[in-house]
Structures are given as C-alpha cells and as structure tokens.
Amino acid sequence: MSDKISFSSDYTKGAHPNILKRLSETNFEQIDGYGTDEYCKSAAEKIKKLCNTPDADVFFLVGGTQTNQTIIDMLLKPYEGVAAARTGHVAAHEAGAIEFSGHKVLTLPSFPDSKELAAEEGKKPIYSDQVGKISAADLKALLDNFYGDDNHEHMVFPGAVYISHPTEYGTLYSKKELEEISVVCKEYQLPLFLDGARLGYGLMSKRTDVTIQDIARLVDVFYIGGTKVGALFGEAVVFTKVAPTKHPVPIIKQHGALLAKGWLLGLQFDTLFTDNLYMDISKNAIEMAQILRDNLESKGYQIYIDSPTNQQFIVMDNDKLAKLSEHVRYGFWEKYDGAHTVIRLATDWATTKEDIDTLMQYL
Amino acid sequence: MSDKISFSSDYTKGAHPNILKRLSETNFEQIDGYGTDEYCKSAAEKIKKLCNTPDADVFFLVGGTQTNQTIIDMLLKPYEGVAAARTGHVAAHEAGAIEFSGHKVLTLPSFPDSKELAAEEGKKPIYSDQVGKISAADLKALLDNFYGDDNHEHMVFPGAVYISHPTEYGTLYSKKELEEISVVCKEYQLPLFLDGARLGYGLMSKRTDVTIQDIARLVDVFYIGGTKVGALFGEAVVFTKVAPTKHPVPIIKQHGALLAKGWLLGLQFDTLFTDNLYMDISKNAIEMAQILRDNLESKGYQIYIDSPTNQQFIVMDNDKLAKLSEHVRYGFWEKYDGAHTVIRLATDWATTKEDIDTLMQYL
Amino acid sequence: MSDKISFSSDYTKGAHPNILKRLSETNFEQIDGYGTDEYCKSAAEKIKKLCNTPDADVFFLVGGTQTNQTIIDMLLKPYEGVAAARTGHVAAHEAGAIEFSGHKVLTLPSFPDSKELAAEEGKKPIYSDQVGKISAADLKALLDNFYGDDNHEHMVFPGAVYISHPTEYGTLYSKKELEEISVVCKEYQLPLFLDGARLGYGLMSKRTDVTIQDIARLVDVFYIGGTKVGALFGEAVVFTKVAPTKHPVPIIKQHGALLAKGWLLGLQFDTLFTDNLYMDISKNAIEMAQILRDNLESKGYQIYIDSPTNQQFIVMDNDKLAKLSEHVRYGFWEKYDGAHTVIRLATDWATTKEDIDTLMQYL
Amino acid sequence: MSDKISFSSDYTKGAHPNILKRLSETNFEQIDGYGTDEYCKSAAEKIKKLCNTPDADVFFLVGGTQTNQTIIDMLLKPYEGVAAARTGHVAAHEAGAIEFSGHKVLTLPSFPDSKELAAEEGKKPIYSDQVGKISAADLKALLDNFYGDDNHEHMVFPGAVYISHPTEYGTLYSKKELEEISVVCKEYQLPLFLDGARLGYGLMSKRTDVTIQDIARLVDVFYIGGTKVGALFGEAVVFTKVAPTKHPVPIIKQHGALLAKGWLLGLQFDTLFTDNLYMDISKNAIEMAQILRDNLESKGYQIYIDSPTNQQFIVMDNDKLAKLSEHVRYGFWEKYDGAHTVIRLATDWATTKEDIDTLMQYL
C-alpha cells in the first residue's frame, strides 16, 4: 500500500506462506467451532511435547493485549493485582485493559527509572540489556514490604507476576535471572506469567541461554506469540502445570475473546510447530537484526539499548530522520533531546538481506 | 476433519476464495497496524456508499460477542443497561460479557414467553415468525413503566436498545416493525443497536421488505456480520450518524478487541463489498435453505419456527435423530418433549445443492 | 420535619434509644477502627450463640445494597451469576449494583409473573403469600436446564442463590419451602444467600414456622437487618459455616464498604442482641401491622398481597388517595388500574397504637 | 475498651456531643430517605454559602474510600485514569477500589521518591513539607508526555487529577501551589479533585494561606471530611460548579454508597456547619498538635516529616518504642532502619491538654 520500505514493527506483514497454503487446503472442510477441533488439539500436542510438559493446558487466543488481560484475570482474585515492570506492556500500553477487568498493575522499577534518576542528577544515561526487565530483588522487596506492612489489607494484594521475554525493549532475561524470579514467586506462592508475544525472537537470539523448556519449567503460564512471528494472528497460551480454572471457556467468552472459528488459530500454530518452522523463521529475524546492527555500528550510529533480539534502537539526528522518513517507515520510540530522536527498527520472520541493503542506502 | 456432512451452523467453513486470494496477494505488503490502513478505509467507503450514510463511522472488529460487548459499552453510561429480547444473544449466550463490562441486560418479552404461557395453559405452542423479536409496544411499556416509576433512580436506566436481524431464531423484522421500534427509541432518545451477525441472510431473504439502507436510516449503530457470511472472521460496525465517543480506539483496546493486523479485517470486507459479493453469497444460503425447507415439508417434517432465512428448525423423533447423527452434524436446539428434539439445520454462503441432496438421503 | 404522619417505610426514624444511649456512653472511648474492636467481637459472639453456629464468620456492613453487592461478589467466580426472583431487590432495585461488580442476576419466576399472565388472559389477579418468592421447583428447572444445555459454557453459570425473607412484598418462606430450596442448592453445590434486611419482622410474624436457627442451618450466608429494625444503620452478615475468602477485608474495602469507625456497627448490634431487644422491637412492628390490617379489613379495603409481616399493601381509589396524602405519607407501590393505586403501609419497631389510630382517622 | 491512651489516629472517638444531641432530638421524627430530606438541604446550603459557591452541587457519603471511588468514577470516562501522587490514598491504601471501578491510577512522583533516590545515593533523606504532594511541573510533564506521544491511544488517558489536602503525611499545599496545579488542569481541561478527609485540620493550620473559599474556587470537586473531624461518619462532597452527571443517585447506589437514612449525614454536617463548629474543633486539634510538637522537639525527638497539621511523625528507638507501647497506642508508619521506627501521633477535635501531658509522661 506504500512504496516505502518499513522497519516500523514486526506485525506489518501477513503470514508464512505455509499457513496461507493450509488455510486454502482446509477452506471447505467443516470444522467444529470455539477451539474444540482437531487442529487445535494437534497444535496443543506439538507444543506440549516441545515444552516437555505433558500435563499442560494449551489454548489459543487472538492477540497480545487480549491474552494478557484474559490470563491475568484468570490468575487473580478480585482484590489482587499483578506485579510488572513500570515499562511492561500491561502497565503502559494496553489502554487500561487490566484495570478494565478490575485489577491494579503493581509496578516494579525497571531500568529507565535509573535513566530518569540519572537525568535528574545531570548524568548521561547508561543503557544496557537490563532495560525493561524486573529483578528478583525488586520483586522480593515489594513482597516483603507488602507482607511486612502492619495493615496490608488496605493495599492491593500481589497475586501474580508478569514479565515479558523479550521485553518491550527487545532485552532478554538470563536463565539465572528467570530462576531467581521463579524462586521468589514460589516463596510467596505467586504464579509467574511470561508474555512471549515475541518469544521466538528471544529463543533464537545468539545471546540467550534460555530455552522454551526452561521457560515451561520456570513459569506457571506463558504464551507463544504468533501475531509477530509468522502467523496472521494468534497467541498460544500454555498453562504449564494446570489451568487455574475448571471453566476457561466462559471466562474467555466473557472477555469477548472466544473466536468462533477457533481452528484458524489451531491450524496456524500446528503449521508453525511442524518441522521447526517457528524457530527457523524466528532465527531469520535475528540474523537480519545482527546484520542491521553491524551496519549501524559501522556507520557510527549510537545504539540506544543493547538489544539482542529483533528490535534495534538508535539515536537519530532529527534532520537526518526527516530525510529518512521520505523512504523508510520506522518506529518512533521517544524524544532523546531537542535535536535527537530514538527510533526503533524491527526485523521479522520475512525480512530479507535486500531489505536491509535498501534501508542502509538511506541511513 | 470429519466424514460427516455438517449443517450444524454457518461458521464451519473458512472464507470465500476471493478473500483467500487477496490475503495471498497482499501477504508481503507492509501495512500499518490497528485499522489505520488503506484497506480498512476502502472497505469503510464502500459500506458507507452502499448504506447511503456519508457521515457514518465504520470500523471492524473480530467476532460477534466482542462486538456486542464493545458497542454496548460505548453506548451506555455506567448506570445504564441495554434493553433486549429475553432470548437475545446478549441476554442469553454471551457468558455474561455485558455484565462483565458492568451493564445489565433489561429483558423484554419475546415469543417463547408465549410458548411457556401456552404450555402452562395446556395448549399447543404456536410458532410464528415473531419468535426472538421484541415489539415496539413491549419496549414502550418498559420505558413508560421505568419513567413512570416513583423511584426509578434505584433501578437500572434503559440506555440503549438491542435487536438482532435475523434473530437468533432466524426470524426477521418487517420494515414497519423496525420503524415502530425506531420511533419509540427516538421518543426516549435511546440509541438503537442492530446485531447483524447474519445480516446478509436477512437482506437476501425472499420474505423481507427491509434493505440495508432502511437499516442504516432507522438504527444508530449496526454491524454487518462477516464471520458467518463468507469471511474468515470479522464484523463491520457502522455508526450511522456519529460515533458516541471521540476515542473509540482506547475503548476497543481496553476490551482486548484491537487487532494488530487490522487490515486483515479491512481486506476481507473490501472483498465482500466488491461486485456485490456479500449479497450474492448470502443469496446462495437463502436459496439452499428454501430447497431444504421444501424438501423437509414434502417429507412431512414438523417445522418448529417459521424462519425465512438460512436457519431452519425442525422437530425430530429421537430415534430417527440418533440414526441421523451417524451421518450428519446438526445443531441441537432444545428438547421438544420426552420423545422429540428440536434441531437446527443451517445453510451458508458455500452450501451446495449436492450438500442438500446428501442431507436429505438421511432424513 | 413534616407534620404528616408517615407509614411510607420502615427506615424513617433513628434508632432504639438504648443504642443512642450506648453511643453517648462510649463516645470518648478510644476504639480501634475497621471492625477490629471488642464491641464487634461481642456482638458477633452473641449472634453466633443465638444462631447456634459456633464456627460462623460474622461481620458488619452499613446498608442493604452494599451488603448484597459485597456478599454476592464474595460468593461468585467472575463468570458466575446469582439466581434470584425477578422481583428480588438485587434484580430490580439496586441500580445495577450487582452488574457493576460484573455479575448477572439470573431471574427466576416470582408470583407477579402469574399476575401478568392473568392480566393478559383478562382474569382478575389472585394475590397470595407466594408473592416475591422463588420455588425450589423453578430453581431446579433453571439448574437442570443450564447443566442440560449442550453448550452451557456460553451462558452465565449459576453460582449462588439469593432469596429475601421477608421478601420485598412482605411475604415469608415456610420452613418446608426453605428446606426444599436448600436441598436443591446442596444438590448443585450452590451457596444459598438469604437477605434479611427485615429479618426481625419475619421471625416475629405470627404466621411463620421459621426460626433464626433454622435459617442459620439451612443457608450458607444471611444477614440480619439493622437499618430497618431499630439501628441507625447496619447489617450483620453471618457466614454460617465459613467465609468464602481468607481475606474479606480487602474485598469489603474495594467495594467502599469498610467503615472506619466499625465499632459503631458492633455497638449497635451488641445492643440489639442484648436482652432479646431485636426480637422484642420486631414483635412490636408485627403487632401494630396486625391491628392495622384488622382495621383495614373491617373498613373494607382490598388487601393486595397477603403479607404476614410489617408491610401491608392495599388498593386505593385515586381520589381517596389524593385526600389521604394531605395527612399521611405512604409508599407508592404501583398502579392498579386507571382509577386505583396500590400503596404500601409499613409499621416498624417504634410504631405506636396512637399512630395507627391517627392513620385510620384518614382512611 | 482499653486503658491505654491512644494517639494512633483521628478516627478513634465518636462524635462531637452536639451531634449526638441532635440525633437524640430528632430520633422519632419521620424523615424521608436517601438524602432527600431537609437536614441535607440545610447542610448543603450552609456549605454552599461558606464556600461562596451558590451553584454548587453538595451531597453526602459515608466514608473516604467510598467517596474517592464514587467521585472518581463520576469524573472519568471508562478509558480514563486519575493522576495522583504515588503515595496518594487512592494509589496506595484503598485495596484497589479505583481499579475495581475500572480505572487506573496514573502515579506522579511525590517526595518519598526523593528519599529513595537519596537512599540509593547513600545520602541522608531530607524531609520537608513537600512530602506526599504533587507538583504542577510533574503533572504538566505527565500530560505533555501523554499528548506528545505518537500513539497515546494505547495508553490510559489522564481524565482527572486527585490531590489530598492535608496529604496522607499531614502536609499542605500553599495557595500558590494549588493555583499552579489548577492552571495545568484548566489547560488540559481536566477536573481537579481535592480529597479533604482531614480538611478542617488543613484549614486551621497556622502555616496555611489556603481558605475553604480558595479551594472551592480552584478545584472542581472536593470533600469536607467528617469522619475524622467530629462526625460519627460522613463526607460532604462539593461539586463547585456543576455535577458531572444528571443522575448521581444511581451511580451512588450502584457503588453501594447510598445511605437509606441519608438525613443522618445531613444532620451531622448541619451541626458541624452551625456556629463555626467544624472550624473550632479543627483548631483544637491543631493547637494540641503544636503543643505536642513543641514537647517532642524540646525532648530531642527527631521529627520525620515537617507536618503543619494534626498528624506528627517522629523517629523512635525500637527499645523505647516497646516500652511506650505498654501505655500508649500509636500509629506504626514505617521502618526507619534496623533500630528505629517511624510512628505517627495524631491529635483530633477532642484531644485535651491532659491527653498530651499523659502521653509525654511515657515519651
């Protein structure tokens, strides 16, 4: 629809061709609705096998905010809130979807806090791969403080913990960090929920020691993002041990999240989890991001966040940016200062070497 | 996935091939998200032109319950409820999605009430094309009663009126009936909302005098169902005069209903509203339903509801039904008596004459 | 504030003088807040002893709608609704407080349905002491129907049952009726909640075989109304077996229902449950209501509902009513027909024989 | 109920004797319910006259959290949140009451942030009368940032601003500070809401230049706290220009906040606003707090926050505190360090010089 090349996000294209092919092949089959079909079952089995969680409950929803809202509402009692990084998607970019379902987001410090502090102190911000993450220590401090409070029944009970991996800033938890967070959650008997809207791009990073089996072992529920990783839409929810409710269907329905033709979700994930497709196409995004980053660094661009995944953030001179925008669509991230802007450049499952070359022409 | 032929519902198949074709053609375009794209604009323009409502606000959501919930929440103040038939989808089959967003469904009598009355009186139920509909008189009685009440501030304020066309029972309002309801709504300044999840099958009925332009003229908001009429998924919402909020996006997002790849919706409706496709495929379902009904009547089956659209309801002997179920999937509707069951047989945009022949072999 | 005598309701006066006396005596004591004080404990102990429920959880809230909303929210899972008579307070007169907390009221037939039917048939309505009550049979039908439904996960789950005793129409359940309802609830494992906003007036009726111990035995939670029975305000909630939550305080607080000076509630109920005061003053209302009814009948007034408690309903000629209203405040109930109105006359804990005499002068 | 003297809070006693007297005098009057009575009207008139706001809407609610929840829900559209200090009552101590009604609290920095920063930097915290307050600059930054954001429709819209005066830490805004905040609110057309749960203690402070008329002029809605200032319970809500809804009653009812005997609230505020009583008894608390503070300082206690109102905060050695607790009830505030604790000592409308003397014996 536009003659500009776009690196603005990882949800600007359709789906992997295998998915379109299977949609065509099955188009006139008559399939039962609401996720009760064989494609959903098949996809769930493949995911359970891969995750090494035979007792898991797996089901499929349409999009990220919907999934976050529904899962968190399943996890929490009405008087409980969810702990999350101040910059977490559920805290900052869901238009109040969590509060709409009655729950507070209990915010934990995340790295940009330090940036603000630094700014107040007049120091330069230092960026690292900690951006967007929470620490086990901060989580423990929140919980100690809550349960240490004399009158904590007048406060919102922490009822679950939300992390994203990759984070909204493209950063990743190490296995050790995840384990530490998991230990704190177990100590306080709080379920740990991992938002994997871009999970593939985390798993295929060159700089991670975290596997999908690690995640399945360490968290209570997570989802495998499809919308941003090769599907038209869809997120695969995995309750690794057991679902928190006997009746997920009415809860999903009540959130307006029950897709009539649920098999469209099953079919897509069945395809993505056949012959390692999900991992393979995720890997492509990582490789393209590495090439992009090498190019950017060699041209002297200031890297804003040290992201090991498919999202890269750079600081651009505003004049240069104005010219760039004639040819390239990018993600506006935030103002850096009066003369500079932080932008996001995202690769995805379908990005090609030629796309990068085209982009670099204009950079 | 099954070797049985299915008439269980109208959402058992994928999409019209034109839609799949365009999904393939546009798969690697890079398109802006959240419904801000050109396909959504194009589809909206076509719908506005068809409806003869140049000032309408048109946008697209994923499914029926989601759409009902979101629209009703947009229409109502927090202390208001929506008036609907006792058998309306929002009253009976959405797992409490309306209450989840804080609103009561104020139920109006609908025809099955009379059946119950009749049953109490020991009389045979009489079925007609009034089943599932509300009457302007009942609506007016509710409103007169509410505003006539001495202390109505302790009751839920009626804030909008919901009707479905076709209803959940396949029946249709006449133009006169719609006009009468519209008059009552205007008298009390209540917005009128028409759920058109199966709108095409209503518009193409041989026994209707209601056009889409009539609907656009008489109601404040309606939606054109895609999920059940040739799309993979999707409902086109039309606020005929003006949207009730400056900011629909955060409300939609808050309901978990904002599709990242919004263009998938726009593209589908753009296709359906090109070259009269939506109406043509709707007409197919009606023609097949007529053939089905003729067949059923000639074989002496008891028609349960006099439905002029794609859903047909018959009373079946339970023994016969057990045999039928070996070859055919049908919709269980309700028990008729100890020895009989009401079933639904639905045709759709893709039903063929051969499908009907196959079905009739077993009936 | 008015020179008219009032029989409009049972919440038009302050509190029993013993309560005012104790408020004065304790005014400058320094008491811990939020219901953690000794007066609350003492009142709870007295109620538990009276009810013969040593393991009950007892706490105190401010008003009826608040209590209904909070208790029902404690009982239900988010996707559940509460079954209640169509005329129940939670269904009809709480401005959507139950829906505000996300739950549907699943309405059951109650006697006025039959009146409407009768009206449609052109027959005279027949009023009885069944008005406002639900039947075990109707409740069982709702539950059988729900769990018999093929796809009940798209409907609201019945999660609790609400009854009022006396009902909003002054009528009472017999012990047999309560037992039958309790049996159905146990069969389906639904908690039974009894709204006792006017409980004293039910217990002291001459025409009841239901004791407070029966109620405590048959229901899972009930409340003892104070606002209408001698207190300034307040309702004593009794979870007869065990509270449904480890943490009632944050739920109460979240509903804006946690009174800072909680002892004001404890002190009032401690007074009411000392020396049988609650029952004695309830008995006064019943005796005065009997005298009133005898007078009304002897003067030939048409009794509208056969109420055995403190609320009496009569049919009045509109002209006569206009005259009456110059001297007497009454409760408007509903239109009877074009020339007549149903009014409510309520006695209370403080009504005197002289009040009745004054009223009868004008009737 | 306890032989210890208590300085734990300002809601440990009943009501000013004038109030109890009027409750007794009017006990057997028959008064209309739900706040429609003459006492409510009279109290509202007195308040409007005092505030110099003839067009104000004044009504009465029971408690602070209930009032905050109800007012904020009246002010906001469903997709809006309320901006408040991170330490504000609505953000920290209402068990999620704001989120329960669907809204996010958008937190602004407040002084303890600086403490945390200081702690991280290894510096001593510096306490001042800024604790618990927001600044116009921080508010403006939040709003500029929100409206400057490229995609703010995915964020929660700021829809109102909440401040408390005195704050939860006993501190006060200056007139200049209030004016600056008011200017920012007007610029962005956001209503400004002032929580005056302890308003009298703010108005009577020796160190304030803010009058009730200033508040009524600068804010859109505020409430005059009764629960902590001489009433048994009750808060007087003042919409200074016009209420944000035609129908406050159903909203109040829906929150379970409509008191049946509403005149109990009117009567109390009518008493408090007769002959300057509210101000006079507030002044007593301030005078006693000054004596207390003078005593504390002369004994060398470390003042924790520089509070000019009735709440005083000191740092206590834990051993000394253990001894103190044998004779005195105080408010635990927070841990200071391993060996010290911050406690709150609150005076109130009924505190006497003798109470202070008794307390100082143990300090």
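Each chain carries a letter (A, B, C and D) given by its place in the written order, and its residues are counted from 1.
Operating definition for what follows: contacts are C-beta pairs under 8 Å (C-beta built on N, C-alpha and C of every residue); 3 or more make two chains touch, one makes a residue touch a chain.
Quantities reported herein were computed from a predicted structural model and do not represent experimental measurements.
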| item | value |
| --- | --- |
| Partner chains shared by chain A and chain C (touch criterion as defined above) | B, D |
| Both-way neighbours, i.e. chains that touch chain B and touch chain A | C, D |
| Chain centre separation in whole Å, for chain D relative to chain A (CA means) | 40 |
| Centroid spacing, where centroids are CA-atom means, of chain B and chain D in whole angstrom | 51 |
| Distance between the centres, which are taken as Cα means, of chain D and chain C, whole angstrom | 35 |
| Sites on chain D at which at least two other chains make contact | 78-79, 94-96, 100, 102, 153-156, 249-251, 253-254 |
| Contact footprint of chain A on chain C as seen in their complex | 73, 77-79, 102, 153-157, 245, 247, 249-251, 253-254 |
| Chain D partner contacts - residues on chain C that touch it in the complex | 1-2, 5-6, 8-9, 11-15, 17, 20, 23-24, 26-33, 37-39, 62-67, 69-70, 94-97, 100-101, 227-228, 232-233, 249-251, 253-261, 264, 329, 350 |
| Residues of chain B defined as touching chain C within the complex | 78-79, 81, 92-96, 99-100, 102-105, 107, 117, 120, 148, 150, 153-156, 332, 335 |
